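In structure tokens below, several structures.
In the two assemblies presented below, subunit A is common to both, partnered first by subunit B and then by subunit C.
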Partner chain A sequence: MVGEGILKGMAETARNFFGSFVSKDRLTTVQYPEEREPRIEAARDFPFLVYDGADWQQGMRCVACQICEKECPPKCIFIEKSKDKKPDANGKPQFYPAVFNIDISVCMSCQICVEVCPFDAIKMDVDYDLSTDDRFGGLLLNKQRLSKSNDYYRRIHPTEAAEVDARLAGERARQEAKAKAATEARLTATAVQPASGEPR
Partner chain B sequence: MSTATLPTAHFDLEPMTGPSKEQLLELSMGPQHPSTHGVFRMKVVLDGERVVRLKPVFGYLHRNHEKIAESETYLGSMPYTDRLDYMCSITNNWAYALAVEKLAGIQVPERAEYLRVITGELTRLQNHACLIGFLMQDMGSSGTPLMYAFREREKILDLFEALTGARMMCNYMRFGGCRVDLPAGWLDQAKKVVADFPRFLDEYEQLLVSNEILMDRTQEVGVLSRELAVSAGISGPMARASGVDYDIRKVDRYSIYDRFTFRVPLGSHGDVYDRFMVRLLEMRESVGILLQAMRAVPAGPIVDPKMKIRGFRPRPGEAYGRIEAPKGELGFYLVSDGSPNPYRYRVRPPSLINLTVLEDLCVGRNVADIVAILGSIDIVLGEVDR
Partner chain C sequence: MTHLAQFAQQFDQIFVLAKHWLLGYVPAGAQPLCSAVLSVAPIIIVFPLLFAITTLLERKGLGRIQNRYGPNRVGPFGMLQPIADGVKLLSKEDIVPITADHAVHFLAPLLLVSASFMDYAVLPIGRNMVIVNLNAGVLFFFAVGSLMELAVFMAGWSSRSKYTLLGAMRAIAQMISYEVPLVLASIVVIMQAGSLSTVSIVNMQATYSGIWPHWFVFTPWGFAGFVLFMVAATAESNRSPFDLPEGESEIIAGYYTEYSGFKFALFFMGEYIGMFATSGMAITLFLGGWSAPFSFLTWIPSYFWFFAKLLALIAVFIWVRGTLPRLRMDQLMNLAWEFMLPMTLLNLLTAGIWHFMPAGPSRWLVCSTMVAVPCILLSRGLKHKKKFQVHTYHYSE
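And then the complex of A and B:
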């Protein structure tokens, strides 16, 4: 019959059209922005800086080692190291970034900065509603805008955050055990000493 | 006014009179055109509706990829390779990783090879689905069959997002393996997507295979002879549709492809219809490879434990790594001088090489056939222009 192939194609289209009223599989349109699908857990948009605790300046994990700045392929991270130090989560005094800017109009979300950071200080956010009409700096995010808490990180990437928390807690426990062993060794050394010297 | 004084004089399309003795019409198709698959321009000289000469003009998407790579580290170029053939970022990553691994003599662990094959074949599936959808779109079907193909493609892109974090710019391969391991439940989700795929292929075949309009517009159109395909260096599904039995997965047997049984579809006419049918059949073969691979993923590390991310300096030398990308033979030629940046970084883009025969395919056909022929070559301007 002439046109049989076209009719078979139309039957296919009809099946999809009427099927979309019946099966969710065939109705794939999401009425954005009224309806929004939940993000897939591993999704990445632009980087953000993680801070522990409540104070974003005190709890910031970044120590301004500038490794992310060097490894960033389009060179969109700008860091200036501080002159003084502040104590980190383990109590050790570390430098911190006086200036930490990311130009997200240049950033290509490649996530290499996250991969190379030795301190788990920079992670990928899922926020994409970042458009602005300020073309001369609206897309240059500074340290304060980039800082988000570890609780936020746990909300957006639960599996990743749990793994990072476990690893950091393990490192902290190892540091404390080492510090305790060192103080114990020092105490036993001083306890032994008076036997060889004058009694105190 | 003679053409010698026109600004386009160096394109040497001098006016001639055609067989119908009417003046010839020089038309510029593109660069802004909904069916040229990117910013691509064709200067066509027409005699009525028939094509007499055709000159492709590209370079509108040139982004200095090779020059940028000379000042980036090897790892820093990896996200840029995503953006070459922007539909198939994972296979671009793979070809580059293969070239660097050859250069530096890095071994890839088993599990990483399986992950590479699985993600690579998923990339091939979504690329061919895109292409077949665009075939119908370019023939004037106003988008509906295209959206059916994209509905399936979205499932695969969701898989990529769950694994790598991004739908298209995956940045997934690393030198010596893959960047990130499978999250919990990913393999089951992937198995479900792959199991559903043949049903979509059956539905699409019903749309395509005996559709009279499609057959009229694609059979015996844009015939590429076997001899021309071989002498022009055509690779990929376009060459196989002309009967050239050359699939790099079978020839080089790179990665672990020799462990999977799959057939290589060959066409006999070399026309547009054959090129699309070859891709449809290749999708079925890819589904077969995926089912075999996903059954047998071993445990283990996903990256060579000796590889560091920073401070990678391969010894001086050169290497050419190539894979069977969905579009053809994608190769990376790297020359290293021992520093962290490559001395020379060259991409062999299959889209560009396959495009060189466009004029031979289009001459003598109608204007309307140009769009179908260009669509069947399967170009992505990101790769043509780099």
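And then the complex of A and C:
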């Protein structure tokens, strides 16, 4: 009969209507500024610069090699290499970026900068509250706004960060071992040197 | 007790008495004009306000039906949302297409709104509360209501865009098709009441046997007429599931694609005001107008009952909109001509038989069968005719 399906549908919508007042589980809406969904680990939007330790200028991993700048497809990264060298987090003197800007209005979130970085210095962020009333200055992120600590990285991408940390620690240990071996070799060389004379 | 009754009666007539009191201060020459203004002004204030409230209720209701909150940001519980909407619409740029027929494009929304407001001239919204008691009130209502079709077609034609023209064509086809069952469904009431005056139709229904009112909806032909009238009224006011003329997903917004800003707001308002008017007519014809649903509730003012019934019908409109998907054009036409029209004609016969049979259960049995059996048979027939086949369009080749 005409109207049977209509009545069934009407009953369903009525159940939804009253049910949404009774049980909050029915409501799929997240009241955005006040409540937020937990951030998804696999999410990524814009790049940021990782620093070790507490001081963002001291611990910056970036050595201004400019690979990301060259690889960036929409050319949204701008780097100016420093003239001098500063000790990095490991105390090793390195170049550092005097200027590091990313225009996130141009960035297409492709993650290529992250893929090519040999120093694990640039990673993808999950922060989405980036709207601003200044569409030029507000979307051109400078070095300070881009710098985020390794702790933050561990918090937003735990699995990925653990892997990176392990790799970096391994590399550091290997380099330390190499340095140690080198110094030992030099020490033995200096010990042996007087007997063999100057190598010419 | 008599004091209480008297007080209730005065409270019921408070607006009528206030008008008379105000008119006492006006010189006799200006009285007809002032009387007209005092009658019309409340309608022009109250129903747009009701429109504003309805847009909010509709958005909230649809939200809840879809398991959302609906607007809840502007003011407490989003109650100031209509004001925000109004400010937004009024501050928008008014764009007129360069190829449009400017005069007609300008006049269409005005005609729609004024036509929908003219419907209220014959609606009794309370005891003694009607602007003009025409002795052809129902006829006037449908005559003015058909002006809305003209406005819609003016809008669609003058915009000179394919979408508006398609929307206008659909609107004309739909509104003319559904005008027939709309009027035929209301004729049963005119047959029974023996009058075209809305006031005497309501007065006939405002009597009680025991506690039960004599509303026409509580008879087999009245019930069928009411349902048919409401379906046709939904189609007349272009509301979902009969919103083909607007059809956002296919023809953008139909006949008002090219309207923006204030003119769009006028269209929007005109549609809702028209919907309230047809709902008001359904209330007047079938639901006893301003009369109370039980004899012991007559102390509540009559205008309260009218607006309570109106809000109930609006709620049903919103509920239906939240439930049903849009019909296809052929389904729409089939429903109008193959189901609604035969049903309304049979309903006329039923009402005649009801009138000439002696009162009693036999009359109820005969008339109920006369409504129910054709309804079942007709809907069965519609169902069986459904065939799936490749459509060929003979006229386009």
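FYI, the second predicted complex is superposed on the first by the 156 of 200 C-alpha atoms of A that agree within 3 Å, B and C clash if a C-alpha of one lies under 4 Å from a C-alpha of the other, contacts with A are read in each partner's own complex, and residues count from 1 in each chain.
Following the convention adopted for this analysis, a residue touches a chain if its C-beta (ideal position, glycine included) is under 8 Å from a C-beta of that chain, and two chains touch if they have at least 3 such contacts.
In this text the structure is predicted, and so the values were computed from the model without any measurement.
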{"item": "Contacts of A:12 with subunit B and subunit C, given as first, second, both or neither", "value": "both"}
{"item": "Touching partner for A:159 - first (subunit B), second (subunit C), both, neither", "value": "first"}
{"item": "Touching partner for A:21 - first (subunit B), second (subunit C), both, neither", "value": "second"}
{"item": "Residues of subunit A touched, compared between subunit B and subunit C (which is higher)", "value": "B"}
{"item": "Touched partner set for A:3, first subunit B, second subunit C, both or neither", "value": "both"}
{"item": "Contacts of A:53 with subunit B and subunit C, given as first, second, both or neither", "value": "neither"}
{"item": "On subunit A, the residue positions that both subunit B and subunit C contact, one per complex", "value": "2-3, 6, 9, 12-13, 16, 26, 28"}
{"item": "Interfacial residue positions of subunit A with respect to subunit C in the complex", "value": "1-3, 6, 9-10, 12-14, 16-17, 19-21, 26-29, 31"}
{"item": "In the complex, subunit C residues that touch subunit A", "value": "61, 64-69, 319-320, 322-324, 339, 375-376, 378-380, 382-383"}
{"item": "In the complex with subunit A, residue positions of subunit B that touch it", "value": "72-73, 75-80, 82, 144, 148, 151, 154, 158, 161-166, 169, 171, 179-180, 183-184, 203, 206-207, 209-215, 309-310"}
{"item": "Residues on subunit A engaged by subunit B in the complex (per definition of touch)", "value": "2-6, 8-9, 11-13, 15-16, 26, 28, 40-44, 67, 71-73, 108-112, 115-116, 124, 159"}
